[in-house]
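Pasting the structures in now, so scroll down.
Look for chain A in each of the two complexes below; its partner is chain B in the first and chain C in the second.
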Partner chain A sequence: MSLNDWLLALHLLSGFALTAAIVLFWVAIVAIRRTDRPEQVVAAARLLPVGSVVVIVGSLGVVIFGIWLAIALDGVEVWNGWVIAAIILWAVGTETGRRSDPEFAPCVNRAKELVAAGQTEPDARLAELARTQKGLLLHTIATVAILLILVDMIWKPGA
Partner chain B sequence: MSEDGILFLHLAGVLLFVGGSIAAAVLRLAAMRRQRPSEIALLLRAVRPVVPVVAGGLVLAIAAGFWLAQRLGFALSQTWLTVTFVLIAWMLVVGAVAGRQDRTTRELAERLAADGDAPNERLAHRLRDPVNLALNASMLVAVVAVVALMVWKPGS
Partner chain C sequence: MLASIRPDSWTLPLFLHVLGAMVLVGGLLVTTTSALVARGDGRLLRIGYMTLVTVCLPAFVVMRLAAQWIASKEQLDGSDAPTWVGIGFMTADAGFVLLLIALILGGIGVRRLRNGRTGLVRASLFISVVMLAAYIVTIWAMGAKPA
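Let's turn to the complex of A and B:
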């Protein structure tokens, strides 16, 4: 069991955590978009902090162990085109994912206000806030960026 | 298809399978922390769209994995592959059993939500059923073990 094997295993496990976070965010987003009941929005929104922890662990692990692996492996350099492309895609995915979170904050805040006021009936304004197109678009871009990283890792264009 | 293409399908399947499994586990753990049946039902219902992701990922990972093993000339009788098959079979059986138990729990939560939505001892007990928790935990352990086998290929 060489160091490189460990780095690869940790790199892969981080990738799984990142994918799990993306699936989790999709579940939360779909659940929030499909309801107009404040309590259900608040319940679904409780997944977001959990997803944030998993995404931080996964995204940091992927890039740290990935770069370490690129340095450790013979024949691979950090300045190789496909490695740089992966880092750029990682940055795009991370940043768009981070920016999608605040897009749902007004919806979650309104749901919390309604629950605190004792209102549990469907709310039209809440439904409107939940269907933010910008939040959906940013999360979609983040998902596509992560998928492209996998494509880049397999085919290593330019290598 | 090139070996890179098959490897992409294999890894995409593994990512969907493992990512979906972890997401489902997190949703289940989140449901355990809730008291109101409506909130528990919402979280357990959220597992349903994840199931096709997990199942599709597993099918893709296994199919592309066999294809890749054949293309690369790995004998399917090698120890690390045999152990992997046993672990996958374990995950399939346990996934079916635990999934059925979770569906019953979700249906109970939905009935209780429609009937006053008051916290219920039986629902709480089902969510904390030690057998179900052990089965779910064993699947996560099996996933990590399969990743380790794929990386280290002991005995190859």
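Let's turn to the complex of A and C:
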């Protein structure tokens, strides 16, 4: 196996890690939005630390190995349109994804406080915090950006 | 470069195959995380099992059907298929058996969660840990394409 084979494999694994983390965040968001019970929110929130680690590894790996691959491969250049498009979409996806995280923090923090206080009944304020439209919008934009990167990688427009 | 040697008719099945596989691995990350961090928390185990049903199963179907579609277009579904294709089919088909076992075990186990019995759902989710490990090897093989 050549270095380029390894780079492609690591680029692909990083891409899978990034999208896997996005799926994990979607599951947590849906679970949190569907309930107004503190314990349910705390349970779903236990997924988030793993997602945060995987999304960092995936988003850094995909761009590092991707650019390295673009430099190493004959016939592909970093300034090719589809490569630049992927880098821009990656920046949009990672930044909107990063900004969506704090939008859900107040909900998780309130749920933890309520559980610590022994309150397990539904809480109207918790439900309101869980249904943050800004957090949902930012995560949706991040997801669409990553989906467009996949489209770009496979169709390679202009290549 | 790759696009220039890949016919346009191959791109849609390839896109669906990769998208299905990515969502499947994402679902398995959720189920694996649930299995490892739940420590008997029935709420998180239920989220893990529901992810197996609503995310992993549909994603698996898309991934596997699209794999067959692209393999037939590239004429890679014969006995002389390269090793990396063989690894892909082997882990996908074995993974389907494991997925079915996990779904059945978990389906029974979710009913027992009301009584505080978490064993079957945990067993179901731990099967998904094995699947995730196998698919990580498969992704490496799909990318590195060992001889």
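Here is the rule we use: the second predicted complex is superposed on the first by the 159 of 159 C-alpha atoms of A that agree within 3 Å, B and C clash if a C-alpha of one lies under 4 Å from a C-alpha of the other, contacts with A are read in each partner's own complex, and residues count from 1 in each chain.
In this text, contacts are C-beta pairs under 8 Å (C-beta built on N, C-alpha and C of every residue); 3 or more make two chains touch, one makes a residue touch a chain.
All figures in this text were calculated on a predicted structure; none of them were measured in a lab.
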item	value
Chain A as common anchor, with chain B and chain C clashing or fitting	clash
First (chain B), second (chain C), both or neither touched by A:Ile56	neither
Partner chain in contact with A:Ile84 - chain B first, chain C second, else both or neither	neither
Chain B versus chain C as contact partner of A:Val115, first or second or both or neither	neither
Touched partner set for A:Val144, first chain B, second chain C, both or neither	neither
Partner chain in contact with A:Gln40 - chain B first, chain C second, else both or neither	both
Contacts of A:Ile67 with chain B and chain C, given as first, second, both or neither	neither
Partner chain(s) touched by A:Ala127 [first = chain B, second = chain C, both, neither]	neither
First, second, both or neither for A:Leu12, with chain B first and chain C second	both
On chain A, the residue positions that both chain B and chain C contact, one per complex	1, 5, 8-9, 12-13, 15-16, 19-24, 27, 31, 39-40, 43-44, 46-47, 50-51, 54, 147, 150-151, 154-155
Chain C-facing residues of chain A, complex	1, 5-6, 8-13, 15-16, 19-24, 27, 31, 39-40, 43-44, 46-47, 50-51, 54, 73-76, 147, 150-151, 154-156, 159
Chain B - residues contacting chain A, complex	4, 7-8, 11-12, 14-16, 18-23, 26-27, 30, 34, 36, 38-39, 42-43, 45-46, 49-50, 53, 143-144, 147-148, 151-152
Residue ranges of chain C in contact with chain A within the complex	1-4, 11, 14-15, 18-19, 21-23, 25-30, 33-34, 37-38, 41, 43-44, 47, 51, 55, 136, 139-140, 142-146
Touch list for chain A against partner chain B, complex	1, 5, 8-9, 12-13, 15-24, 27-28, 30-31, 35, 39-40, 43-44, 46-47, 50-51, 54, 147, 150-151, 153-155
